[in-house]
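A, B, C, D, E and F label the chains in the order they appear, each numbered from 1.
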Amino acid sequence: MIFDEAYSGKVFIMSRKDYDSAEAVIYGMPMDYTVSFRPGSRFGPGRIREASIGLEEYSPYMDKHLEEVNYFDAGDILFPFGNAEKSLGLIEGYVDKLLNDGKFPLGLGGEHLVTWPVIKAMAKKYPDLALIHIDAHADLREEYEGEVLSHSTPVRKVCGLIGANNVYSFGIRSGMREEFAFAKESGMVLEKFDVAEPLQKYLPKLAGRPVYVTIDIDVLDPAFAPGTGTAEAGGITSKELLQAIQLIAESELNVVGADIVEVAPAYDPTEQTSIAASKFVREILLGWV
Amino acid sequence: MIFDEAYSGKVFIMSRKDYDSAEAVIYGMPMDYTVSFRPGSRFGPGRIREASIGLEEYSPYMDKHLEEVNYFDAGDILFPFGNAEKSLGLIEGYVDKLLNDGKFPLGLGGEHLVTWPVIKAMAKKYPDLALIHIDAHADLREEYEGEVLSHSTPVRKVCGLIGANNVYSFGIRSGMREEFAFAKESGMVLEKFDVAEPLQKYLPKLAGRPVYVTIDIDVLDPAFAPGTGTAEAGGITSKELLQAIQLIAESELNVVGADIVEVAPAYDPTEQTSIAASKFVREILLGWV
Amino acid sequence: MIFDEAYSGKVFIMSRKDYDSAEAVIYGMPMDYTVSFRPGSRFGPGRIREASIGLEEYSPYMDKHLEEVNYFDAGDILFPFGNAEKSLGLIEGYVDKLLNDGKFPLGLGGEHLVTWPVIKAMAKKYPDLALIHIDAHADLREEYEGEVLSHSTPVRKVCGLIGANNVYSFGIRSGMREEFAFAKESGMVLEKFDVAEPLQKYLPKLAGRPVYVTIDIDVLDPAFAPGTGTAEAGGITSKELLQAIQLIAESELNVVGADIVEVAPAYDPTEQTSIAASKFVREILLGWV
Amino acid sequence: MIFDEAYSGKVFIMSRKDYDSAEAVIYGMPMDYTVSFRPGSRFGPGRIREASIGLEEYSPYMDKHLEEVNYFDAGDILFPFGNAEKSLGLIEGYVDKLLNDGKFPLGLGGEHLVTWPVIKAMAKKYPDLALIHIDAHADLREEYEGEVLSHSTPVRKVCGLIGANNVYSFGIRSGMREEFAFAKESGMVLEKFDVAEPLQKYLPKLAGRPVYVTIDIDVLDPAFAPGTGTAEAGGITSKELLQAIQLIAESELNVVGADIVEVAPAYDPTEQTSIAASKFVREILLGWV
Amino acid sequence: MIFDEAYSGKVFIMSRKDYDSAEAVIYGMPMDYTVSFRPGSRFGPGRIREASIGLEEYSPYMDKHLEEVNYFDAGDILFPFGNAEKSLGLIEGYVDKLLNDGKFPLGLGGEHLVTWPVIKAMAKKYPDLALIHIDAHADLREEYEGEVLSHSTPVRKVCGLIGANNVYSFGIRSGMREEFAFAKESGMVLEKFDVAEPLQKYLPKLAGRPVYVTIDIDVLDPAFAPGTGTAEAGGITSKELLQAIQLIAESELNVVGADIVEVAPAYDPTEQTSIAASKFVREILLGWV
Amino acid sequence: MIFDEAYSGKVFIMSRKDYDSAEAVIYGMPMDYTVSFRPGSRFGPGRIREASIGLEEYSPYMDKHLEEVNYFDAGDILFPFGNAEKSLGLIEGYVDKLLNDGKFPLGLGGEHLVTWPVIKAMAKKYPDLALIHIDAHADLREEYEGEVLSHSTPVRKVCGLIGANNVYSFGIRSGMREEFAFAKESGMVLEKFDVAEPLQKYLPKLAGRPVYVTIDIDVLDPAFAPGTGTAEAGGITSKELLQAIQLIAESELNVVGADIVEVAPAYDPTEQTSIAASKFVREILLGWV
């Protein structure tokens, strides 16, 4: 074989060629129109794939090889640029299809608002869904500059849909006073600053539950992920996020879907953000699917 | 005086402190949500101001000094991110106000769609308005991926509003076949590839007419303006654009407003795009106001 | 309100428009002519303001909102480039004025030498002033390549002025043998490598004392602040610096002024250094003023 | 259709999904081990594809649309890194296959040495092959630091294979004295500095001949293509190269294959080199296939 | 003295001018042709020298000054680009000479394969040589895409030469399953993820032994060393690597040579990777020679 | 020979090892403290040397090889940072020495103020010296923000020293009104915008005269030289500057010294500015010495 599309960065490394037999499906959501600071996460999915060329297929963290998980990289959803509402509809429809086909959806953002339609689809299939939300930002706003569809609102919307008490946020170090107040009153879990340690407390409680995990790459300190729209100093290390992924993998959770969002390559000429994100994707494939 | 806000890059160099007495008003339109390729022009206005620190206040092209033109830099309009429709409404309202107050509006983009509401306001005040459009792209689409409000549609919309025969496009080197066909059939002027030379042909015809001039920085070859969303090889030089600005300044046109759009600083670590754009703003202030 | 200059990056976010009623004044000192390695910190103040657009106005660290502190961003001092002596005179004069007007001076560098004239002004008003100095470099040289006015000498000069026993340096990991020797003999405090932990030891001792705090951004590891002139591997994390700011906020110190210096944006295309520095400025406003 | 792999940058824009019916085949040769200055052209093919997302499918130069040409993007050849000999063997074998299948080979480099095995395959099929070579460098060395397989030698090797009198070099502005001497003595055509004008002289002479065209992106001035290994000041503009492509398209030449080489994206954070190269690929597809 | 070549970045800071009297010799190995992901480490040695200008000559870690160690910077070996085999021969020959002359060889890479010929030379002189290998990657492959001379194979080759039980790898977080299996079976030491702590366990065991230490800069997290070919998230901090260097310095090991490899400056516009590496070189000079 | 310091970028390519026999001496003046916009030209000389590795030693423009000119690269002068006056004294002293030793001084800046002491030295030796000044900026200010020693004043000072009628400026496109007025009244030659064409007019007049040529890299459009402090849109191409160098080479001028200044690498991650400058240095060596 002289060609291998995975080694051209066309798809995530070792992606199989067949949708039907795949357990998991990687799909990109290149949308970034509602971000308030630095746009550009639409190029995140493509660069995460490209960076996967540099990965080993075996993980010494999970002691597992990508050939042990059957997955298919479907490419990016084609969006009408600037129309958030229609774009979110496309996402929800696609994830509906994935779930009907029995796939594990593994989404690549794009801005964090893309998680909202995914959860809408997930909640239809899993009425007792819980959300693990790993992020620097609370994303609990009701609106942003008058907009309900904003990258600052998805978690608040999820609270309305599946119940705040089923939402667990970790690593949060930025938000409005009202967001932190809402977190307290609503009964959701919001753990500030750290991820791995507080996560350990809650994992037993979630045992057996269907859980969706959304990771905003900006939970990492900008030192580890400068290529993101709303970089926020004071974050966790890549080591801690790898540890969190492993804790979830070793837990009794029934992870039913996941995403990694907000990789914006234009702000990171070193490419380290895409490189790190592609490693997290590998670990998710090996540990959660 | 130990402080000078112009020398801090807070406003365009030599901006006066008083709106009321100003002839011209510089205002930023930091919107970029409908672009189809690389977003980021929302940071254009701020970086053009910052780069103006490096400019001389005197122009050897115009043999004129900025103290001879009274202008006020109003800052950027505050937009609801991701909502194109509301943002365009804010722009139209603001330009209405500027025109009522007798100001020359000098807008800094942002994506090219911002020119559409500006022209709507201009056409109310100047019913016989003509448009000079300097750009790499025809921007004559009726819609883009189903969206009517897109950075690819503003000139088409202007044709509908003021009549295609009042629209003069220069430097165009990219578009759909349908756009070039429309240009031919509609009676507008569309000159491919070059700007200064074809401009000379049409300036006499426009003598005495109220004319709005919109400059998309991507009319320059990416060599001269890499910091833009949809860079297109094969463009003109900065020298040619300076010459075009001077030709208009020396013509009998009644320039009643202007803008420079699509400066996206994130793609240009050399900062040359902002530096060039700030020089064009100076020349416009000296030559057209 | 369709314009908001803070959201244009013209001033630090939420800066009030009135000098007279302000408790604190932010001012830029864009000077960098005596640095020995990579110049460019003259652009630090402007980019810290620009990056503040991405900040929340509320801090979950301090549980406080910027509306609770009344401050005014005065812009940058206008310097005669290349003349260190005159520039330092302008700084001292301006801080004299701020102190006479009862303001808390919050300076943005520029190179570290700018702290020297600030301390001269502070010491006139507060004869029992102490200095907390957070930095990678000892800055205790008597001269550098024959120059007494150098970015390597300010702390030595302060020792001469207010007494070495009133100077507390933290995080130091670079200097000449003579500087470390001077630190030992002179009776000043010099703690190597770490900041937060040793700081805790000394804060009680300084309770009630008027203290000026100067933070050189290069105390952070270059991973967290690559945009600085003399990056020095082996530094602290952003988390530790945030913790140090909070420790001081919660102490009994009477902080009477502060600065953050040596942000040099040209060496950091990711902008993370300015982004981090703008967060530290917010925390200082909320915690120390 | 909610997915379109061309719009994900996975393949060149509008690539068809079927090899068998395609007239032309785009293939990448990500090899860069023998370059003497800045390596990195192995990432050229992938980034040219990614940049093609920003292209229009219609060309106003050719007045033609990509739907009028049936082509297939095969991806990149998988090379044994560091082994030039084996890599060149893989290329020759693949182009043999393309020619057997009646395809027009359109290669994306990679370093310029990749053209050597391509020509070996071409010459087997077309014994009277001529080469048009557009480049800043003569590439006429017999060896480089003792290496016969070097990015400085391919044109010399081609001279040996098909006869120097069948080799036409344009735009050359760098080489050893011996290379220019060889050019003179050998009977090949070597035109210095310019491309479009001298090309016009020779095109009639080549009418009807099977011709392979190789374009080294560094024929452009570094202003227009900074992302290349051996940038050489004093080159031509993108406009001139577009004109040259058009001249060949309008000539009576029988172009039987082509390549664009030496795009090294790491040296160009503006991405303008990949953007320009993707436009040249479009023009070649429309004009030469 | 108005010139000082060390202060021009021509040689590593404070390099002496005389080879004969030097204890240690710094030499560059600018080879990067076998890397599988991002090439460019050939520019590592030059930029490490340039960055050394920003260093102090005194180390507060070692409490020692560079004037206490006599070393000579010989420059870079001149390689035939693209020919790995000949290049490795040149390295082995040069290190043979250094050892015959009684020098401590301190090599600057270049890709990691350069360590292989160095060890071949070292093992001839020190038959009981042990290797300390600090790296993100196991480098234990037998071949890579069919190539035995690859940047993924050097440690495996060393195991064959000096015995796996004399090889100690630290910080490893990437490799094939087969590499980790080989590590276990072969009797070598392979400690995952961390460096300083596991190192402490093994240092006593190596007391008195002649030891060569090879440091791949990618053992650092990409946050601390983005400028490297195969960046791998989840690494150690610069602080930990400085601590490891110090632990070895304070141990009873007989360090007989060392190298730092894989600094690839093109991927790090912040220059922090070269800056960090130059500090590690200083510490090695002060602590190990 | 396995080492060649020129191929390590330690000195300009093919620099001889012996000062005494050299006809020309290359020396760096890494000073940038008086620039008003973007500092960093202190790193210009080093990067020009590094970039020379990518040059051919033969020039097809001059049809000459570097082995035909005997020159020595002396390195950079060691300056007291921030002290312009002392630094200028060091330069004058060094050029005095070079002229006494019969050398052709070829200086690398650094900011343009460095040319002032060079001319002071030149004028002592050549009382009838003329200056050819190729630049975007007039540099004719009497002072800048109160400073007489500024990067904006050197040509004015030269006019005072050798007589304005002996000063010929080309390419000027920026300055204060007063500077252009001075140029007119003083009798100097100041040609705006272009270089090669106006130069041709004046060369015959200068035949036989001892002439010093100073080239500010910013005469090039920022497209061709983004890495400079005060980039100014609308400049000439690299081709035109190469042509100007050749015109002087072919003239009857007695060129007695030259410099290239204002290369500031930090603003140009593409490195094209250093690459172009190193080519101009080669052409000067071949054509003027």
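Criterion: a residue touches a chain if its C-beta (ideal position, glycine included) is under 8 Å from a C-beta of that chain, and two chains touch if they have at least 3 such contacts.
Being a predicted model, the structure only gives us computed values, none of them experimental.
Note on connectivity: the fewest chain-to-chain touch steps from subunit C to subunit D number 2.
Common neighbours of subunit D and subunit E under the contact rule above are A, F. Here the CA centre of subunit D is 37 Å from the CA centre of subunit F. Centre-to-centre, using mean CA coordinates, subunit E is 40 Å away from subunit F.
Counting partners per residue, subunit E has 36, 38, 78, 221, 223-224, 267, 269-270 as the residues that reach two or more other chains.
Applying the touch definition to every pair of chains gives A-B, A-C, A-D, A-E, B-C, B-D, B-F, C-E, C-F, D-E, D-F, E-F. Touching subunit F in their complex are the following residues of subunit E: 1-5, 7-11, 28, 30, 45-46, 50, 74-78, 90, 93-94, 269.
Of all residues in subunit E, those touching subunit A in their complex are 36-38, 172-177, 180, 192-193, 221-224, 226-227, 230-235, 267-270.
Put simply, subunit D touches subunit E in their complex at residues 32-36, 38-40, 42-43, 78-84, 86, 144-147, 149-150, 266-267, 269. Per the touch definition, subunit C reaches subunit A in the complex via residues 53-54, 56-58, 60-61, 63, 65, 221, 223-224, 237-239, 242, 269-272, 275-276, 279-280.
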